[in-house]
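Look at the two complexes coming up: chain A is in both, with chain B in one and chain C in the other.
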Partner chain A sequence: MDAILIQILNGLDKGSAYALIALGLTLIFGTLGVVNFAHGALFMIGAFCAVTLQKILTISVTTIDPERTDFLGNPLKVQTPYVENWFGPEIGAAIVDWAVPLAIVLAIPVMVLVGFVMERGLIKHFYKRPHSDQILVTFGLAIVLQEIIKYFYGANPIPTPAPSAFRGSLDIGVWLGFDPFTIIYPYWRLVYFFFAGTIITGVFAFLQFTTFGMVVRAGMADRETVGLLGIDIDKRFTLMFGLAAAVAGLAGVMYTPILSPNYHMGMDFLVLSFVVVVVGGMGSLPGAVLAGFLLGILQSFASMNEVKSLLPGIDQIIIYLVAIVILLTRPRGLMGRRGVMED
Partner chain B sequence: MLGLERKDTLLMFAVAFITLLAPIILNPFPAGSALAQFNAGYPDLMQRFVIFGIFAIGFNILFGLTGYLSFGHAAFLGIGSYSAVWMFKLLSMNVIPAILLSIIMAGLFALVIGFVSLRRSGIYFSILTLAFAQMSYNLAYSVLTPVTNGETGLQLTLSDPRILDGASSGGLPVTSLFGAEMRDTTTLYVGPWTWDFSVGYYFCALLMLIAFYLSVRIFRSPFGMMLRAVKSNQQRMNYTGLNSRPYTLAAFVISGMYAGLAGGLLAAMDPLAGADRMQWTASGEVVLMTILGGAGTLIGPVLGAGFIKYFENIFSKINDGILHQWFAFMPDGLENFMVTVIHPFIGKGWHLTLGIMFMLVVIFLPGGLVEGAQRTGRLFRRRDRNADHVESDAARQRAAAE
Partner chain C sequence: MTRQTFSRRGLLKTGAVGGAGLALPTIFTSQARAFTNAPTGSTVTLGFNVPLTGAYADEGADELRALELAVEHLNGGGDGGMLQTFSSQALDGTGILGKKVEYVTGDDQTKSDVARATAQSMIQKDGAVMITGGSSSGTAIAVQGLCQEAGVIFMAGLTHSNDTTGKDRKANGFRHFFNAYMSAQALAPVLQNLYGTDRRAYHLTADYTWGWTQEESIAAATEAMGWETTEKVRTPLGAGDFSSYIAPVLNSGADILVLNHYGGDMVNSLTQAVQFGLRDRQANGKDFQIVVPLYSELMARGAGQAIKGIPGSQNWDWKLEDAGTQAFVKSFGEKYGFPPSQAAHTCYVQTLLYADAVARAGDFNPCAVVEALEGYEFDGLGNGPTLYRADDHQCFKDVVVVKGAENPQDEFHLVEIVEVTPTEQVTYAADHPMFAGGALGECNPGA
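Coming up: the complex of A and B.
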């Protein structure tokens, strides 16, 4: 029982990342009808927002401390971040420590802006072109974006730790009445899960309970009619692209303590999130979320030793295997809508 | 000739001419001169040109004719390489059985994968092929290590049985074609120029010409017509009571066999096979080649493959020192500025150049380099005709005035 619980928990954080990226992909596909292969790159840019903020916050001034000496006997050079000078050592250190969550504030405007520029500058011109053209141009864009990031940040992963308050692990087993140390779960993954849950709820609430969301949903169902009613649907869809970019970016920001960001993390996640979208059903937002968590959990179950000894290698291929089976047996995916990409 | 129309015969001859004289054409700069780094006429690179040319020609038979965008073609390349290396290990260092096996194995895999994937079309087909290729890649890395030798990659060892060759003495044997070693190279010195003619290159070039000829025949055949019909309107074809799946499956298997041949040749030139040949970025590369050259055209994919491989090898070798030499004629400040501006696009950053170029082609020239050439050609021709019009108009007016 506790083994099963552990696997479910392990699947949740990866599943949350899949779900968030797939949610953004589906938002873009459902509204604009564009297959966005650059979405993984948006996830990566979000992660690098966190890296950038961490770098900015740790810009330091070097002072010489005459009282202490280094091992050669010279006066010790002390690096103090400017933030500590400005806000005092304690608050300053806390700000540096909390760089990753703080990066959310930076990432939202940056990602929305990137989304706007992408949509207005490039993708707008591809609405009428075939899907394969959209795939190709966004694939090219993804290459360009990741090479730009590589140029500025290098090819090595950059460690971005979580705030020290969240670095330990939580003994969840005790809460549920198991023996201590049977189910241990890192705090940050728990944070990530709740964060993802909040964002997903927020997006759904926005679409479900606001007038803006209602118009967008109407546009997803029948774009032409909404346009005939005198609503500038294009403008709203551009906003949705910005929102989708922000969701992917935030997923990236918060994922940095789990996986040190490097320039090709976007491509690594992209393939899997496409599989997730297709399994969930093109154009279905609940489907994307459901499939994200489902595949995350399935993957962690497949990496259990008991399963691996039974079916060697299953942990490597389970997601693709599930995708193939679903695509062949349920043409629309798990929760796909009738009439969306049904060829 | 050879069952081709006049235009295609000409194209065939042009391609044959260029491929056979490539060691000379690709080395236009004398060895040792400042521009010698742009020479592409060394055997290793030329082999890559033709091998990836074969790969792209095959991919084009599927994507260019039927419009099915496969994102998993590298799997067949990898399978071809693995089967070829196994043949070298078990049977003989002769390349013929190795290449035959790699074509057959890739064809079999393509039959199975194609049979399943072609049940869907559009993006679902792309995802299905991607899923299959990623599965093969992941398996080759992990569980199939006894067959693929995992991360190290499959290589020759001294203890391999090699039934036909018998035990080898001394070092590792090299791949050969009935005794002619693949790496044999004759270097010709003409004045300051050096030209390398290698057995391996000519072997690959010959196979590429055959592959190209077959693809021309496929393009012009009723079968090719059927595939084009699938691209333009599959639904309509189904309504006329025609089952298009056998045709698309045949195209998929043929293009898989082309990829297998390319993989086998890669192994024949360098008997080593690794799983990274199957990764999805490798599949992306062949897509880039085909689109960049011109999907659906005969010569496009070969051009694209040559273009990308040339830039990969030549562009990535340019460094800041060379740039400084080029701009040395400028004033210092301007020189440094130019070097700083160009720096991100060369050397390790050539992927950035490739990405930008690829985007530009997709946005402005959906037909690739071939369409670009045609458009420029048409531009000149139209201008000529306009000039004719103007002249004839002028003549008529003059006649009327008189």
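Coming up: the complex of A and C.
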């Protein structure tokens, strides 16, 4: 029982990341009709917003310590972050410590801007081209973006720890009546789960309860009619692209303490997120979220030793197996709409 | 007036003698060049096949820096680095056998097929007479096989699988870097001192050649000192999120987690294991511990604070105090502004060893180089007295046992040396079962 609970918990945070990326993918597909293979790169750029802020906050003034030497025997150059000089050692260190959550403030405008530039500068030229062309150009764009990141940040993972207040883990098992240390769950993964829930709720509320959202939903259902009513739907869809980029970016920012970011992390999530979108149903926002959590949890279960001993290698193919089964039984996915990608 | 007459027989005889006379010099010449890419001009070309993109691009970049430094030193530039401390004095800074050293580079992307293709291009198109570099056992084994077929020397870079000089050994291939068995033999006594003999270990292992041999080696060494292995779990390469594999450790009855991971996998699995509180808990009445058999300074940087106090092993560390290490660190540090990694060190040393073997043999012929390197004993290259064993082309030398520093003074001191394990402790018989199934075969001069 405890092993099952542990894997459900593990699946929740992984599923949260899938759901957030798939939500953005579905928003873009549902509004603009574009299959955006660069969406994983947006997740990666978001993660590097956290890295960048951490680097900015640790820009240091150099002083020479004659008492100590560096690796060549020269007097040691001691680096002290400017923020520690400006705000004092304790407050300065606390600001650096909270670099990841603070990066949200940086990531939102950066990601909206990146999304806007991406859509206006490149993707809009491919709206009327076949999906295969869109896939090729966005996949190429993803490679370009990750190579740019690698040029500036290197190829190895960069540690971006959670604030020290969230570095421990919670003994959930004790709450549920198990022995101590039976079910342990890191604080930050809980934070991520609730963060993802907040973002998903926020996006749905935005689309459901605002006039802007209502117009966007109307445009997703019948673009031509909304245009005939004199509404500039293209402008709104461009803003939705920015919103989708911001969602992916925020998912990336908050994921950095779980997975030290490297330039390739977006690509690792992209393929799985596409499977999530297909399983959830092309163009269905609730479907994307549902499938994200479902596949995240199933993937965790498939990693259990008991399951792997029965079906070796199942942990690596479970998502694709489930996708095949669902598409065979429900060709439009779990919550797919009639007519989407069926022309 | 005299009239010369030529008989048909006389003409044939004269022609045969004349032809033989004309052909004689070319027979000698062709014998002298009877190997692949024999250098003919005033230069000789080496091939540096390193990962410049992909997961190990940082290791590759550091290898390339060291290789360029080696070329500079071989050609008489800089301060000479380890040429000053190398026990052999065959190299004098005038290139190799008087030929200026040039090099070509390729990006192996840490993919075996790409590594073979780039090495093949260097051999066929650029005329490289030796290939070195690389940061993966998969690519090393692939390129080693290619070099054997092509008739050039392969001086392996960072490759730690037992198979490189075990079942996949080749006569034209040589490895300076240590291997998984040596790691285990060096690490086991330290683990016994740190954690005792009554322990239960859970292994998470990268699912490819290096991971398998690392797991086999460390499990055998720890079981020999009394530890019990509770579970061996294979994880996909580049899994990213290891939480699904780490969570079952909590209730497995194990009190040690051995991470047979390297690179990004090591950074992620270690970070996540610490996040799951493994190091804060007790199991079987003992503090839970984590072990990482193969360490890397670059990986330690990636793991950040999670690496503190974690034991592991290295081929070499820039903080060693021998003259060779100091000379290399000075050269590298002054040129690039930071200390070299062990990947950089092994590639630099391999290049010097190749050049030295050619100089001692007086010939670029791969078979002459093989003969010069087999059974060669040397010193002054950073690991103390070292033997290139003839049986398997594996270097035998001291191994460095390290652990993550508790309070590093800067980003270069993330790892501290626990002990330097002497060569005798990590030496094994050439027919050891973990290295069985392969044979060097005959050296191939190619062409």
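We take it that the second predicted complex is superposed on the first by the 327 of 343 C-alpha atoms of A that agree within 3 Å, B and C clash if a C-alpha of one lies under 4 Å from a C-alpha of the other, contacts with A are read in each partner's own complex, and residues count from 1 in each chain.
Note that a contact is a pair of C-beta atoms (placed from the backbone, for glycine too) under 8 Å apart; a residue touches a chain by one contact, two chains touch by 3 or more.
Model, not experiment: these values are computed from the prediction.
Shared-chain residue A:L328: touches chain B; no touch with chain C.
When the two structures are aligned on the shared chain, A:Q316 is found in touch with chain B and with chain C. When both complexes are overlaid on chain A, the residue A:P161 reaches chain C alone and has no touch with chain B. Residue contacts after overlaying the shared chain place A:Q7 against chain C, while chain B stays out of touching range. By the touch criterion defined above, A:S169 lies against chain C but remains apart from chain B after alignment on the C-alpha atoms of chain A.
Applying the stated contact rule after C-alpha superposition, one finds that A:M265 touches chain C and leaves chain B untouched. Looking at the shared chain after the overlay, A:L76 reaches chain C, while chain B stays out of its contact range. Shared-chain residue A:V307: touches no atom of chain B or chain C.
Which of chain B and chain C touches more residues of chain A: that partner is C.
Contacts of A:I143 after superposition: chain B is touched, whereas chain C is not reached.
The residues of chain A shared by its contacts with chain B and with chain C are 147, 150, 316.
The touching residues of chain A, counted against chain B in their complex, run 35, 122, 125, 129, 131-133, 135-137, 139-141, 143-144, 147-148, 150-151, 267, 271, 274-275, 278, 282, 312-313, 316-317, 320-321, 323-324, 327-328, 331, 341, 343. Residue ranges on chain C touching chain A, taken from their complex, read 53-58, 61, 231, 233, 236, 238, 240-241, 243-245, 247-248, 250-251, 263-264, 267-268, 271-272, 275-277, 280-283, 298-299, 301-306, 318-319, 329-330, 333-334, 338-339, 409-410, 412.
By the touch criterion given at the top, residues 67, 69, 116, 119-124, 126-128, 130-132, 134-135, 138-139, 141-144, 280-281, 284, 287, 291, 344, 349, 351-352, 354-356, 358-359, 362-363, 366 of chain B touch chain A in their complex.
By the touch rule above, chain A contacts chain C in their complex via residues 2-3, 6-7, 9-11, 13-14, 68, 70-72, 76, 147, 150, 154-159, 161, 167-169, 181-186, 188-189, 257-260, 262, 264-265, 268, 299-300, 303-305, 308, 315-316.
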